[in-house]
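Quick heads-up: structures coming right below.
In the two complexes below, chain A is the common chain; its partner is chain B in one and chain C in the other.
Let's turn to the complex of A and B:
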């Protein structure tokens, strides 16, 4: 292989835009290092899942080859044998391929960081290289970005270590992955990722293509910082240490072209439909860029693609954006729209398919309805089954007859519990894995109520037991409710959830303090450390603290409390925790902030508004709040109708009156 | 082994060419002009003739036909590639016939009389071996290359016969041939050119810049204004991507509306098309005729939410029926659309129409 590399260069240099001596290299990570596609990826690595009847890794390789990459290192871990087999059979490993593909497998890779550390250890890259995942679909011409990157490196003496490729796309675009929603602050002139420089623009209209042009230092930096696991870790590390190390990250924003990473099923759905709608031109189904025999298909109006030997029954309609693989037969009176159907499928009569993704060798009986679902290889759907939105039928599952799967059902031949047990040996070789699963499959019977009388498979429930599973099932379609903090490191999008967790933590601390009778000073200490852990400002700490304390009775005794009970349980609490409050409420502004937090809470709990006076009174007596602050808040704070309404509360009016008089008295006394 | 090395080099080149063809045209139609494409194909075919292993004309034709099939399959919309393959096949036939000593004249003439008397088409096997065949074929391909090099000039030379002083000429989009044609005329005469911009790719803008650089009075109009402006136009001169076997055109979209407007105002429609664009294809083969590219130009990706609610198409080509065309100007002179079939039989052998 390596001896060929030299000759390769000679043949191709003429056609390349750059006169670099070194061939352009790429590192392709054919493993996602997460389990978003479970249980599908249990049987097939994600890079080999078909998108428009072509394995995803082929799109990535075609993208790399068309940008002039001459040497690609494919790193695989999970099911590396399958990826290797696939690549050896593909056109990329033919001797005439302009892109020499080296496959490097190891079971030890657990993250992108491991891969790049290995790149460094083996000394594979000699020059700038392109870093992509095996599930990136793109037709962006990165040669421009590459030139910019090289130019920057020449001018700035290797300060720039990475250029990330972004594509412009406004919020709300369906190909914008919600988890990857980034807000980018960049120096408008130098296109540098910036943090706190004088002049920068903040953009929310960018789509991360997960294509990065890296300098060889990137691999070294990963080795130096062994705690870097993902690219996000790296980016954060570089940005934080920018001043010290002097490394910079740049952006390349493109308007043309298409680039997206299939990071979950939602993205799978939208990338697949973009592909069928020809956004990724020239990577279209009929181009047959993988050069496989019999993969060719014809393209006709309304984006209908038909492979060889497709048969369509009488009265069947392929409405629009339909791709049908070879040797597939479709019965009579079917309605197919926005769907991709693989090779060798059989579909019965009166079938309705909308946004269905069917892979190879799928059997669909008559009177079936499928909406926005994924049906994997070898699955069988029996008569009169209805798959509602976002269902997933994994490999070889049998469903039906006469069944309607509710929205979001995931059915797999693997039992979900077995999955848990195997947690630790996730990265073992696949044959061992298969052995495991076969034993288990025999042990447990299928539930006919779930998968139908003749069905085979287990339902992966969204809310199986613990939170991890919940996240998992949601993740398959990418509708994440609680995004993991990793996914949005560059953005501040997670602030909301951070506040929330902080609030929960504070609540826990106070609760414990009450139960174990901890001294208030220690509580303050704990809250302070939480403040640093979650990077919360002092103002927010105070607001959250106020909120937590005021909500405490509801938290403990349910929301059905009467006002009397509420004040009864709250007032002693205020007394106990007054030192904590005093610690945080010092300046005049703090008082106002605290008051507004109190007001906010009582605006929400409008049945308990009468309790507010008592709370304020108590806080005044405990010297948490000063009278000037209360008066100031009362006179100026009203911003909307509701708060004005609140201020008209009789009790409150009286309290304020009383305060004023008290003040007058005290001032008179002073005279 | 130098022989084996040569062969891998050849296959490498072919693969690279195929890959280029497949990627050819990201968005704005073919990246290169079809003239360049024709030349490149012919170079490659000459290389195949020189380096591939063959002993008789039959073998060579088989090899070229196979490669030609792959090339046309790689990018069906690029008809010039197929045309050049057919030209080379025709050359091989002729050279073979000459080597055998039979007169190629009789081979060529497909008269009605001959059709009736001959019974079947020639069942020539091309199996005889001739020592000089290779050199002769390469020589003939070289001649073809010189012809290709001169096409644009040959067409431009005829400009003065068609463009007169103070005329208003309309053109659409950008065609290298038309650009050369107009520039040539501008050396002697003054005239006004109106360029339809040809959305969504707007190659018309490029064309207008090119023309105004040499001092031609140029106006760019939106495609929607074509009909309104047509009444002032003396002649419409356009280029095309392919000339079809029936004398129709497959040209950049927008051309059909220009042709219809010209017909309505009885304005002559002149097509500048070199001979290598003449294709034996008829306009009924749906899957190869159309070419849809990324809808990006029509509705940009940045448009966001709306994209999930609409279908956007971006076709590249229009079909213009032969009735709308007044005259073809090719490198061998002017011809009416009705004469195209004749040129076709001169350029290509009937057995090669289908590769």
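Let's turn to the complex of A and C:
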């Protein structure tokens, strides 16, 4: 901050110039802080996973350098040593690099929030900086966005704290991450996140590139607010408090360019294929932008790339969009399309590869078929193995021979349970010695049925743990979200479900009342409180109550009850709960409503219609229902054929007859 | 005949009771023309030769007898009377004339004053084979003080949220602030089909609709819909995105219980029957598409489409509140007759004495203005007597009122046949009926 103080003393022009001159900084977070890529990321941090035979972090750094970043802070946590080694060997740490890379490691980072708080604590940034993750692949020129951001900050006195870069892409595009399906409300004129103004735009055609241009305040704001863990927390916090704190977030929307974050394997698959199809130009496989010896390859028709010393057997076809790394040999009669094959791989004869991602030193025997799968370093696939869609073979796994892995199988050398065992210290110590020794002890436990007779590895189940969080973490390929069913009566549906939940609650209450012998008055209290909680009218309460009670025997003993059994179990219940009924059935209209509820139920349960008269009789005897109400209901309530049919029931007619006579008698007595 | 014009002129003007106490709303003088003249003129200018006017007996009688109400149109007016006390909504009225409706209809409200290019709305209707197309305009801000109201009152109406697609034509969403519990809820399936939605507030609905004939037939089957703006339009807008493969179950669950079982007519089916086969074939064979970004058919296979034309400039005005009558009353008439805007309009057979000053005002037929009277920014309706030395500013004086000598009236609303005491000083009061 001292530098800024010095600046202000000088004239306006010089300060502006100085601002221009100040090197553009970037914060690169080389950790995902989640376990989406487990078990692959158990051996290699996500930022170093190869995409088109180049580590992902190299794409990010190349992107930053090409937009003019001169100083990058790389923050590593998980397996920081590996990232550090990789970077020290790369071109970024050569003295000629235009982008000075500082590597900052700490095992204590748990989230983006921790990283930015550390940025603030160490006072690393002096000006606007670019914030990216280590798994972002992009060729967007953000200098335009940067200019807009700076302009806004100059005009509005630092009100804008962040400009997020979005790319236009229609919903359903494959480079859109299903889980990251953003809907943005923005002010079209000022490009600000907002909803308040007279006119705003709701956009669902934006892809979050996970590239943000941040003001130095962002780091301070993270320090101020320890609740901010992710960027989403931050954005939400800023938008909610916009009126109080006055901070705003803007968007930069680009039509062209490519930007995506590899957040799960689905995204890995699509970004990799986009890469091979040259959407990320100039970051193409043959460009060898990492400037590493031997990485170069040739580009020929149909996007077929071949590294040095690639041998291709007789009759093998490379259809389209294929990238083959150096020193890889492919046998005869193979059929390869839309695939990436790493360095030093050997592939046997008659192999079919489609949308396969094979990393380095993979050994594939003959007659193997692989569809949309990831095969990591050192994996061996024996003869006649078939990998169906979305399989993952992690490091050094051996599969086969003669096996077909079902869709979505994940095989790793790490035992799934091992993860849970050293769950606690996992973040703190990344030496995997312990894990390896355990592996050795367990090696006998490979299940030949799962990984084949000569196989080595453990199957990772998609959902091993009960908790939802863990389940999410296990979905390597990302979640498939079902689109909401189209209907125009959503409010109604929710209302209906509210009735339904209320009914279930009433049922639960009554059940508990029976089990624990609760006094009816307390039951009434509970039902009343439920009534308010679900906003149910008194009439509905009564109808639902009637329904619940009458259905109670079915609920408890199944629907196959005979009529006799049904009445046998229902009548005592009616007696027990008659105070509850009496509480709700008071006015004449209530009686009729209750009766119509009874009628409705017995119309549905037409096999038990004979029981109806007994129910009515009991309710009459218990003084829940009055005779006038029953008579009135009988004479006037019939509205359709079915209920007319119901009224022709003999037992019912007798009952009514009896009631009428009883009434006559009582009136005579009265006289 | 492609379109039949229907003019809704049966409204009671419930939001301007003070003015409509004696004169029915369609006949309120605006620029010395009855209000109803403006929509009729609008229709006549675009070439309609016949118009169905839905109105009340009272209005009908006055049109035929009252000499002050000169409609001055050459179109054939087909006056249909509805009972005034039946409390019929606009949709009810449309249902009422179903027998007369032979083609698609253009429904106009009688309180609309606009110079909008009607063909824009109709072209949308034609081009997209739309079920509904309507006219909206940016709202005007009122700066003048409203007669009869203390201070500036905020419009009591709640904001409407209108969602249109990227082109600004397709109507995707419509909701009133009053109906929203917790913010605006938009279905994701709509967003998927129309990823860019502009939500606009501060629009005035001109209450001018092009409707397919099938919609009128649908109204006949759905007795529960009573208002076009309040119920029918939101329903149609919503219905655009419901499943096209409609189960024969029920078309409208909310009105389910009100309908007889045998009248389960499906709007979707009716509308699709209008989609003539050839038209369908053309659409199938053509490479034209209304959207880009995904691979689905034009209109996403939907058959029900609603469009809106939003006017950027020009006049679009609804005279439905007291405050709306004043600023426009004066200039409206002259906008339509291409005359130069004068300082004032004086009706026929008025007696105006010497030494009076009348500025930016309209004075109705057979009004007497005595000496030394000053009238600015006001509307004086028919048969008013203004005694000597009065000062009237920004006010509305209804028919047959008498303003006593030397009264000073500012921003007032004087009801018909009222008497204002001499030498009184009044500001922002409303004296409507002799209560």
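In this section, the second predicted complex is superposed on the first by the 437 of 671 C-alpha atoms of A that agree within 3 Å, B and C clash if a C-alpha of one lies under 4 Å from a C-alpha of the other, contacts with A are read in each partner's own complex, and residues count from 1 in each chain.
Convention: a residue touches a chain if its C-beta (ideal position, glycine included) is under 8 Å from a C-beta of that chain, and two chains touch if they have at least 3 such contacts.
Everything quoted here is computed from the prediction, not taken from an experiment.
When the two structures are aligned on the shared chain, A:108 is found in touch with neither chain B nor chain C.
After overlaying the two complexes on the shared chain, residue contacts for A:203 are found with chain C alone; chain B is out of touch.
Touch criterion not met for A:244: it reaches neither chain B nor chain C.
Once the two complexes are laid over each other on the shared chain, residue contacts for A:183 go to chain C alone; chain B is not touched. Of the two partner chains placed around the shared chain by superposition, neither chain B nor chain C is touched by A:155.
Of the two partners chain B and chain C, more residues of chain A are touched by B. When both complexes are overlaid on chain A, the residue A:172 reaches chain B and chain C alike. Touch criterion met: A:277 reaches chain B, while chain C stays clear of it. Once both structures are placed on chain A, chain A residues 170-173, 205 are touched by chain B and, in the other complex, by chain C.
On chain B, the positions that touch chain A within their shared complex are 8-9, 11-13, 15-16, 19-20, 22-27, 73, 286-287, 290, 292-296, 300-305, 307-308, 311-314.
For chain C in complex with chain A, the residues that touch the partner chain are 163, 184, 186-189, 191-192, 195-202, 238-239, 241-243, 253-254, 292-294.
Taken in their complex, chain A has these residues touching chain B: 11-12, 15, 65-66, 95-98, 139, 141, 167-174, 205, 255-258, 270, 277-282, 286-287, 289, 296, 298-303, 320-321. Within the complex formed with chain C, the residues of chain A that make contact are 170-173, 183, 185, 188, 195, 198-205, 483-484, 486-490, 492.
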